[in-house]
Amino acid sequence: MKRIGMLTSGGDCQALNAAMRGVAKALFNSGEKVEIYGFQDGYQGLIYGRFKLLTYADFTGILTKGGTFLGTSRTPFKTIQVPGEDGVDKVAAMKQTYYKLQLDCLVILGGNGTHKTANLLRTEGLNVITLPKTIDNDLWGTDMTFGFQSAVNVATEAIDCIHTTAASHGRIFVVEVMGHKVGWLTLNAGIAGGADIILIPEIPYDIDKLAKKIKERHDGGSRFTILAVAEGAISKKDAELSKKEYKKKLSKRTQPSVSYEIAEELGKRCGLEVRVTVPGHTQRGGSPCPYDRVFASRLGSEAGKLILKNEYGFMVGYKNREIVKVPLEEVAGKLKMVDPDSSIVKEAKLLGISFGN
Amino acid sequence: MKRIGMLTSGGDCQALNAAMRGVAKALFNSGEKVEIYGFQDGYQGLIYGRFKLLTYADFTGILTKGGTFLGTSRTPFKTIQVPGEDGVDKVAAMKQTYYKLQLDCLVILGGNGTHKTANLLRTEGLNVITLPKTIDNDLWGTDMTFGFQSAVNVATEAIDCIHTTAASHGRIFVVEVMGHKVGWLTLNAGIAGGADIILIPEIPYDIDKLAKKIKERHDGGSRFTILAVAEGAISKKDAELSKKEYKKKLSKRTQPSVSYEIAEELGKRCGLEVRVTVPGHTQRGGSPCPYDRVFASRLGSEAGKLILKNEYGFMVGYKNREIVKVPLEEVAGKLKMVDPDSSIVKEAKLLGISFGN
Amino acid sequence: MKRIGMLTSGGDCQALNAAMRGVAKALFNSGEKVEIYGFQDGYQGLIYGRFKLLTYADFTGILTKGGTFLGTSRTPFKTIQVPGEDGVDKVAAMKQTYYKLQLDCLVILGGNGTHKTANLLRTEGLNVITLPKTIDNDLWGTDMTFGFQSAVNVATEAIDCIHTTAASHGRIFVVEVMGHKVGWLTLNAGIAGGADIILIPEIPYDIDKLAKKIKERHDGGSRFTILAVAEGAISKKDAELSKKEYKKKLSKRTQPSVSYEIAEELGKRCGLEVRVTVPGHTQRGGSPCPYDRVFASRLGSEAGKLILKNEYGFMVGYKNREIVKVPLEEVAGKLKMVDPDSSIVKEAKLLGISFGN
Amino acid sequence: MKRIGMLTSGGDCQALNAAMRGVAKALFNSGEKVEIYGFQDGYQGLIYGRFKLLTYADFTGILTKGGTFLGTSRTPFKTIQVPGEDGVDKVAAMKQTYYKLQLDCLVILGGNGTHKTANLLRTEGLNVITLPKTIDNDLWGTDMTFGFQSAVNVATEAIDCIHTTAASHGRIFVVEVMGHKVGWLTLNAGIAGGADIILIPEIPYDIDKLAKKIKERHDGGSRFTILAVAEGAISKKDAELSKKEYKKKLSKRTQPSVSYEIAEELGKRCGLEVRVTVPGHTQRGGSPCPYDRVFASRLGSEAGKLILKNEYGFMVGYKNREIVKVPLEEVAGKLKMVDPDSSIVKEAKLLGISFGN
């Protein structure tokens, strides 16, 4: 007999339902008696005791559905880490729910923030298994996260659409791609969409070099230029600021995002019409792509297997094409960034893509 | 022997290439000797004599391609209507190119602005046939324009994606849909995407009623609300302003668009998190949907037929499921708007959709 | 107070759920007290009394889902028309269920076969409202049926995929398109997919002329030829047979379908490799396209309105872009076919498409 | 100065153009003077000296296009391996073209058959670099081939479509998936599409166990069953036959493929309606998915890099998320099959998927 608690936390993404279905199918099909409690809206459900006993039917027909049928939220995390404040109470509340329901384990699906809290719960003595969910692919300890490839697809489709309009009008177009503080999503969507220029946080750009590059292109007969710009892209100047100074600068930004700033600067420097498109939250929505469905199902089923073997304290990750278990303390608090000297960046340069630096 | 000039003008959209292919195939397959000159970047190509003699091969393989292989532009139109200024010269320049190439006819693909100029050229004695191109579906004299259904698809897909993230997070989401000054695109994408609220220019909204409606929904247990908002949506207050006052107000707008204003106001009034997504130019890009491919091909082939019969001065339109010819003077300068009392609006209301008024 | 029975019958298609949601929303939002009973698996549920009282929640979140959540079946119809046999009992059984549940009306979603039975029930004194569901678009009395445009999209996507492989290999490809005994689906998908040849039941083909046309194409430098062939396509020879003779011939067919016969004959005559692709049932599955979602929702809501006004005995159809009510007796037993002299066929010919006749 | 010959051979697939663009961009952007000769229709072009000098423009705008702009063919390979027959002449002819054009290297894109010939040319002294193209993912020496993920997407979409119709009608559906003699494509599309049963060549099925499994499912309340069946699926009985006996048996098959045989057998044994769908060649067509675009571009650019460094005799492959060079002699003639004891198969079983054995 196993009693499992399950929750999804942080920004939603594609294949969360597929992953949960994987866990549940592996458990229900094992022959062992299993109870799965689903907590509503992430850690909030655990804190405030909002949950539902789930049946096999709850996990049927959800493989292809975007979002998370349990709901999610970001809020509790913000204060949870601060001992002495109300954060401590929240941890206590979560532990209370856990013990009251006599859970054997919590299955937690989330990204970076979620993993910090998951690891905190582990140090507090709870059994935890996590699954790497994020469109940003920025989780340490795993080559891949689910949601990422689906988000690449959405972002690429946006660039594809922009391509035809950019070519028709002879315009410069900036497509802002999500990805939080890392460039994985922009790098992949940019290559896939045939972007001419890719700006990612890991390679700060120089606005003057960028403008020069674009002018050269148009002088050389190119009719249009497409820039895939990460929402976390940063200029060389800003990258030299201290964290505090940069935050202060951001707080004074009048443009909605970095893409608009870049567009404005390029417009001035190049004398060309520059347009901005922000696919935004569409990148985390919609049905998961087949890659993510398979990947999330595989991870989920392996999580179920670990639970049946009473192996806790791990994130189920992916290394060198094999599913692996990664100790939670190694995952929490770290960011997996794009290495500017990695082969994919070099290959992008071979393809003629400029990183604006 | 026929000598045809062809150009695409105004904002690009899907199925422009399909329509031109339709014209060309009908002409080339007719047995008659035909020369087709393609003008670059809309009226600019006609004005400055930038053109290319096109062959059958130029129209092959373009049925499924977005954009326009001739290029397009909006600029020349702005000043062209002003006699006594450089507008006159432009008309003269266009006539000169027309006569120099000994054209029998101009085939012009465009929207409202384009049709004004096309009609002007007609009154100046040129033979003109036009095709109704716009994602806005706002052209007078035709039930449908090509590009519209493809744009509905892109906008609906955006709402579909937002649906899963809105449901997961329990958020209010505003999706801003294109459509210029009319609500066709928003109305259709909104119904197709299952939006709870649809705001269109033809039905000015009352922000207080809107906030009340959303509060009622959430008090009644709805976890999320999706608003499809036309880029041209307008509040009742603003609708009462004179054109001049409204323009002045718009010029002082600090938000990027009406959606952000609405989001801010609703956030204040409802105390809920409101997010905005703007699919933007993606709505006019990408491969045309099958509906538009068929529709544009049909219109194009009928344009070819008219040319072979020396019937000029018409827009090829669509009325009651038949392709019809509409005198250009009836089309130019008019806008086809959504009638607030039309059956589709009433049906939307039956479905429980609120128009915020 | 209204008591409504609802069922879907015949082959499933896209937007059935959207249409039922439209009916339900219009009824539930009307303020009047409403009970909706859903019958399982078409008329079978009505005959054998298998039903479920449906709530508002049953119609939530189904707008974008393919298939029918009520299930469907084809079987009962076959014998139902034969008085004196068990057909009579079935009608009696259906009436019994209707009166037992004290229904005010049956809402029946279906195609041609379904409408015959629906009309029979009407003549037996039951209140019936029907909705035109079929990917074939062959229902009399309505310009359009829901499911059709979604099926056009699936079939066109198949042709698009085949295009790249046909072009790469220089092959002749036959894509078999559904559509039952009429050519609407093939005609539209064929034009949208850029097929070179379209064969539909309404225009019997001549295999020798077909072979000659293809040889001419390839002699003229065409690298490949794509044929969109309706599953009901028929040769001139076979079209001259009596119904009985043709049935007999079909029963002796060794090939899986007409496409394989045509491929074999063309292979022999042209000396070229001919491949066949049959997208089959995929054409009636998957999420409805935005056009069908809007269309089915509109029809459904108007059905709800008719019920609220106690107007029965109609199919809710579509004529000249308006939703209309069509007396059931006019619909049943008739087939809406493609007119070989219609403008869309003529336009296809202008585009250079051959009908093989 | 580099003179490169380029050709695509074997069945076409998605991202061939993307890969060639990658090679060309890396070469043209290198600063070195480069001439690229494109051979038409695979080895045929090399044999018969049908080629074209390609420019930068030939590789522009082809990233998203399916198929191969050079054309491909399968035929020459069949006899090429037989010394003493006309095969020898063909090799000689290929060498002659190579030397006549003074090529530095041949870039060959293809699958298993193609690689045998490529290796043969290498042993004959030609410089060869190959790229792993196949939707089957059966090439030895690389974790992944381009085309595969795009084909998974098409096959999964077909299963998704079938899902709604299977659920509506309560039917058993067999979806036949490509993949030649290996199960990669079926395994991935089957998991992604939520198939209940997956049959692959590497795990021969037992028709009686299969029938029993389906009966159990339906007795247990399942309304439908979906089988993803590889085109190369084989029964245990047939797997025990000698190659010769099996070939003989295949030659006498009256059904078009194994799926129809299985459907017939299951229909008899289960007493349920079983339908077959064969997406066929659509699986290798259409625009490449973003994953394949990135992957093929990366491989292509690395091939360009190798050429610039005069490193020949390799296939550019993918191992543990890094691009690697694999000696051609290790690749040729081997098949990468699904290991029945691999983790992905075990995970599929955890998900409740049966392999019918």
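We just call them A, B, C and D in the order they show up, numbering each chain from 1.
Just so it is clear, a residue touches a chain if its C-beta (ideal position, glycine included) is under 8 Å from a C-beta of that chain, and two chains touch if they have at least 3 such contacts.
This one's a predicted model, so the numbers in the text were calculated from it and none came from an experiment.
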* Structure fact -> Sorted by label, the chains bordering both chain A and chain B are none
* Centroid comparison with chain D (C-alpha atoms), farthest chain -> B
* Averaged over CA atoms, how far is the centre of chain B from the centre of chain C? Could you give it in whole Å? => 31
* Structure fact -> Chain centres from averaged Cα atoms put chain B and chain D apart, in whole Å, by 42
* Asked: Can you list the residues of chain B that touch 2 or more other chains?
  -> 160
* To do: Under the touch definition given earlier, write down the residues of chain B that touch chain C in their complex.
  => 22, 25-26, 29, 63-64, 143, 149, 152-153, 156, 160, 188-189, 191-194, 289-291, 293-294, 297-298, 301-302, 304-305, 320-323, 343-344, 347, 350-352
* Using the touch rule from the top, collect the residues of chain D that touch chain C in their complex. => 8, 11-12, 14, 16, 41, 65-68, 71-73, 154, 157-158, 160-165, 167-170, 173, 223, 256, 275-286
